[in-house]
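Paired with chain B in one complex and with chain C in the other, chain A is shared by the two complexes that follow.
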Partner chain A sequence: MGALLKEWVFTTDHKRVGILYLIGSIAAFLVAGLMAMLMRLEQSTVGLNIATSPDDYNVWLYFHGAAMILGFLIPGLTGFFANFLIPLQIGARDVAFPRLNSFSVWLFWAGIVVALLTFVIPDKPDVMWTGYPPYSVKTLGNTAFYVFTVHLIGFSSILASINFIVTIIYMRAPGMGWNQMNMFVWCTFGAFIIQLVFVPVLAAAVTMLLFDKYLGTNFFNPAQGGDVLLYQNLFWFYSHPAVYVIFLPAVGILFDVIAAMGKNRVFNYKAAVYGGVFGIVLITGEVWVHHLYVAGMPDWLRIGQMVTTLLISVPVGLLVISLWGSLYRAAITFNTAMMYAAACLFLLLVGGLTGIPLAMTVLTVNLSETAFVHAHFHFVMALFAAFAMFAGVYFWFPKMTGRLADGPLATITFWMNLIGVNITFWPLFIIGFRGMPRRYYDYAMFPEFQPYHQVATVGALITGTAMALMVINWIWAAAKGKKAENGNPWRAKSLEWTHADCPAGPGNFPGPDPKLDADWTPYNYAK
Partner chain B sequence: MANHSASHAGGAHAHHWEISTYPAIVAVGVLFLVPMAFSAWFVYHSLLLTVLFAGIGTPLVLWGVSGWIGEGMSHKALLPGVAVAGLPVFIISEVFIFLSIFASYWMMRLMADVWPPEGTPAMPFGLPIFMTVVLVTSSVTIHIAEEKQEKGDLAGFRSMLMLTIALGLVFLACTIYEYSHLLGIGFVPGTNAFSTVFYSLTGFHASHVLVGAAVFVAVLIPAFSGKTNLTFTKCAGIYWHFVDLVWFFVVSQVYFW
Partner chain C sequence: MTKTLKNALLGFVLAGLPGLAWAAPAATKKNDYAIDPAVGWDHLWNELLIDIMVIGVVFGIAAIYMLIKYRATSPDQVGSGPKFSNAQAWAWALIPAAIFMADDFFLSAKGWTLWNVYRRVPDNALEVKLMARQWQWEFDYGQGVVTNELTVPVGRPVVLRMTAEDVIHSFFMPGYRVKEDVMPGRVTYIWFLPNKPGKVVALCTEFCGTAHADMFTDVIAVPEAEFNAWLASKAKKADASPVPANRNS
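The block that comes next holds the complex of A and B.
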């Protein structure tokens, strides 16, 4: 037991590092999900319900946002999935820097520990996941813990980006050209470029916050020549690209799942890669201002960034067309992974289309800070990305554990999840449009919204139950699930299925190093 | 892809799970040394806790880093020499940290009514020029050190490396001298917008000089017992050149604009 523990804790193997990321991110997901349940219960009726004070609500809001984004979505996608899959999919035996990889995962865990300490320390952080000054500088809450959570997880992301950018460039199997890589590898490559460039900016922004609060500097202090809006600019300069750090790997997972379960080629592969992925990488740094439309700025800047924001729907659209096109004339097997993938296409449609009005300055002036925004980004970021992750977990579960997680419980929890999230977030679109502010613990000004909130709370409870059951199902299936018959239960064509065992062992490939023909592709189902 | 076959030399397949204890130790050390110790001091004002956390964190970080370097120098990488490609990628992210601070500076400065703001003393003229000369010289000496190592001239390598470290320390001494002078006349980080930027930019740069010099020390110590690793030296050198290059931006923006 001790030896086994040592082998896991000190592992430098990319698959085990990945699984350590997965465990950490599921832990963050469950606790942050619990916070969501508490907030929904708090809002089920007007007035203070289960919180003892409005401050409780702020702490829940802080933890829910910070842990879901920094602890679950980003580490789950660029930590777990990238680690587990990229070396397998490019035919490498590990990443370029295995020890750095182990360091990354433990820095991430250190960030999770700091985040979880929120619940035991005095003066809990209460600054949302955004940490806007002047509140974050003036609050009695421990803003330092917010900053260090960002630092630890951010530094871990930067190191992972370096590792995977180098791995993808230098360690592909002989014969694997750029146009023969899995879509997941391409999408994640784009996400890592974005992370490498933009995470440092967030790290700098929160460091300035730390200095302002604890060392008395004046970055965000207008009385001494600082500028409060500077923080918002730096923060969203990172945090809008962060949306694509989440979006791209999620889309990559969908491509691989849909192609394998539909036994089909990826439609418009080159357009999706060079137009879609790189279009997003190019434009992502020029759209952040749409988070600050109402914060005060010159019109030329507002209008310019409205144009770029609308423009980014072109590369996103290319990816979406490729996803739908990959379904065309596909022989689809609807297992759990494919059901989640199909649900993602719907969630992305709702989330994406509701983003268009929010890109328009003239509409955002009215919709900003309402539940409409809240519902929009939950559809496009939270639900879409989380469902894509669940699709990926079910799809690659045999590769991790040698067993299948599909079964009645998987199917039931899928439908509960899909129905639950729609019940939760559609009412928020409606009341958001009618003026329900977001982030507020109470809505005494709008008692007529109470029925909508109650419906949303019922939806949240359905989803919460389903998520808990789903994780229980995974744990059960990892130990007792149906064994995968061979290395390739889905009869897929990409390297992790054709060349590695289930579960994949040390060194990844039991046989000789993979060598690929000129006409090999991971989606060569026609042959 | 030329290097790829080398990485799989002899088709040697791992049949056991690879482990390394040091990265996890460093991460735990960082957790205690940075978030815990900082919060204990600045948020909770507890000397006892600060000493406790720093006392746990510091030895863990030192132990982990030295063990990690030892492993890195002796173990054969999956793809030898790839770190030389990885370091420039890391530098891209560093560039963006510096850019964020510069952007903050430009935003504050361009929106200010008067500049420099009230309370800013006259900045020295000769010292930053001297510091620039020192840093540029050290970039040359580390380049010579690399060449000597490549030629197998271990003694020459060691002396050029020591000279580089010495120049780095001279630079840091100048920083300390200047800081103590400015702090002495009441120009502290909180004085005004310029002091905030001044201490952030020069301090952040100086921290890079410190890290660079520390890495050189880590290269130097094994070199005394004859152990060298060209990849490690090259990476340290690339980092040092970057630190040198950034200084031009810092010095021109902070002292001469």
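The block that comes next holds the complex of A and C.
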């Protein structure tokens, strides 16, 4: 046992590093998911229910947001999926800097531990995942733990970005041109560029917060010449791009799952890559003000960034056209992965289209900080990305474990998940539109919304049960599931399926290094 | 790519621009508050709802149709998605991009026009100063009149000049479709038009600590004569006592 533990902790194998990311992010997901259940129960009736004080609710809310985004979505997608898949898909035997990779996952785990300490320390952080000053400076809660969590996970992200950008540029198999890469590799490449450019800004912002609170500086203190809006600008200059750090790899997973299960080429590949992925990379840094539409920014900035924010529909639209187009004249086989992928298309439509009113400055003056926003970003970021991740886990499960996770329990939990999340979040659109704010433990001013909250709570409990069963199913399947007969149960064409075993062993490819022809692509089913 | 195609696409992109060109003069027009911003808001929302529902239904039906229609009939079947020539690939990128862009510019123009209504305070507006603190709103009408509820006259625009003592708050009146953050070190403003007598709720929508969810109050619209009488009686009381009565609720 000790030897096994040592082997895993000190591993430099990208697949094992990836699985360490997966375990950490699922742990964060389960604890943060539990917080979501507690919050929904708290809101099931007007008044204080299961919390002993509103501060309890605020701590749950802080942990739910911070852990889901920083501990689950980002590390799950750019930690687990990128690590596990990129070397396999580009035909490399490992990443460019394996020991740096190992260090990244240690930092991530340290970040998870610091985040989990929230529940142990007496002065629990309650600053929300956004940590806005002056509240985060004035609160008696422990803002330092928030800052250190961001530092550790952020540093881990920066190292991973460098590692994977170098890996993708220099370590592709001989013969693999830029236009022969998997969509997942392209999308993740875009995400890592975004991370490399923007994470340092977040690190700077939270460091200033730390200095203001503990060292007596006054960056955000207007009484001493500071400015409270500076933080919000820096924070969202990173954190809106962070949405695409989550969105892009999730889209990449969808492309690969849909193309493989539909045995079809990606529709207009180059438009999706150079228009879609790089369009997002290009625009992502010019739209953060839509998070500050009601923060008192100058009017010209609010209008200018309304236009840039709406223009995101162009690259996203190109990705959508390619995703939808890849279904056209496909030959689809539905497994659990493909069911999740199909559900993602629907989640993307709901979440994406409800983002359009929120891109418009003048509509946001009524909608911002309401349950409408809450429902919008859960659909487009949380649910869309999470469902894409589940699709990916089911799809590449044989590559990780040599076994399949499909089965009756997988199908049942899929439907429970899909139905549960819709029951949870549609009522929130309605009451949000009518004025229900987010981040409220109580809604004494809107007693008429109680039935909506109760429906949402029922949906959350269905989803929570399904998620727990799903994770149990994964653990069971990893040990006892049906064995994948060969290295390629889905008969896919990309390198991780055609050239590697199930599960993929050390060094990835049992034979000689993969060499590719000029007409090879990961999607050449029809030739 | 042929020249004809290029010209056609250029035309498509340019088709979106008149929308913006139409909004620019609108930005310079003087606001005579012929529109109640809240009414304008509802109107724009309804238009937008049609826009996104059409897109949603079209793409939703297309996805469901293809997911059902293009199921494999045998395990050996492979897809036969189109392989594009260069010109087709460009067309499939630029035509959708131009259509999306045209919609974006159209919505930008609409949004900008209403935004101008929201930001131009009418000249005859009643000015009230708002101070926010954990966890209380305080409205200052001048003449020493300070309250924790906002009372306003029907039919006259009201502008709130807002700031905060401690942390960031946000003053939100769902009934008047307006909110803006309230923070220390800056003065922000909103204006609205109370159009009928009655009460709406105002609440805090920027997380401000323990009692954030309890930081709500009433906005009461009363006929103008009643409002003037109310203000006069409050002012008289304020004269009698030098410290505002509501400071310590």
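We adopt the following convention: the second predicted complex is superposed on the first by the 527 of 527 C-alpha atoms of A that agree within 3 Å, B and C clash if a C-alpha of one lies under 4 Å from a C-alpha of the other, contacts with A are read in each partner's own complex, and residues count from 1 in each chain.
As a working rule, a contact is a pair of C-beta atoms (placed from the backbone, for glycine too) under 8 Å apart; a residue touches a chain by one contact, two chains touch by 3 or more.
Given the structure is predicted, the values throughout are model-derived calculations rather than measurements.
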item	value
Partner chain in contact with A:Phe211 - chain B first, chain C second, else both or neither	first
Partner chain in contact with A:Asp227 - chain B first, chain C second, else both or neither	both
Which superposed partner A:Arg302 touches (first chain B, second chain C, both, neither)	second
Contacts of A:Ile165 with chain B and chain C, given as first, second, both or neither	first
Which of chain B and chain C A:Val46 touches, first, second, both or neither	neither
Which of chain B and chain C A:Arg93 touches, first, second, both or neither	first
Touching partner for A:Val362 - first (chain B), second (chain C), both, neither	second
Contacts on chain A seen with chain B and repeated with chain C across the two complexes	226-227
Interfacial residue positions of chain B with respect to chain A in the complex	1, 3-5, 7-8, 11, 13-24, 26-28, 30-31, 34-35, 38-39, 42-44, 68, 71-72, 77-79, 82-83, 85-86, 89-90, 92-94, 96-97, 99-101, 103-104, 107-108, 111-112, 117, 188-196, 199-200
Chain B partner contacts - residues on chain A that touch it in the complex	6-7, 9-13, 16, 92-94, 96-100, 102-103, 106-107, 109-110, 113-114, 122-123, 142, 144-145, 148, 151-152, 158, 161-163, 165-166, 169-174, 196-201, 203-205, 208, 211, 214-219, 224-227, 230, 233-234, 506-507, 509-510, 512-513
Residues of chain A that touch chain C when the two form their complex	53-55, 58, 126, 128, 132, 134-135, 138-139, 222-223, 226-229, 262-265, 267-268, 270-271, 275, 294-296, 299, 302-303, 306-307, 310-311, 313-314, 317-318, 320-321, 324-334, 342, 345-346, 349-350, 353-354, 356-357, 360-363, 365-366, 368-370, 434-435, 437-446, 491, 525-526
Touching residues on chain C, where the partner in the complex is chain A	41, 44-45, 48, 51-52, 55-56, 59-60, 62-63, 66-67, 70-73, 75, 77-84, 89, 92-93, 96-97, 100-101, 103-105, 107-108, 110-112, 114-115, 118-119, 166-168, 170, 172, 174-175, 177-181, 183-186, 188, 190, 201, 203-214, 216
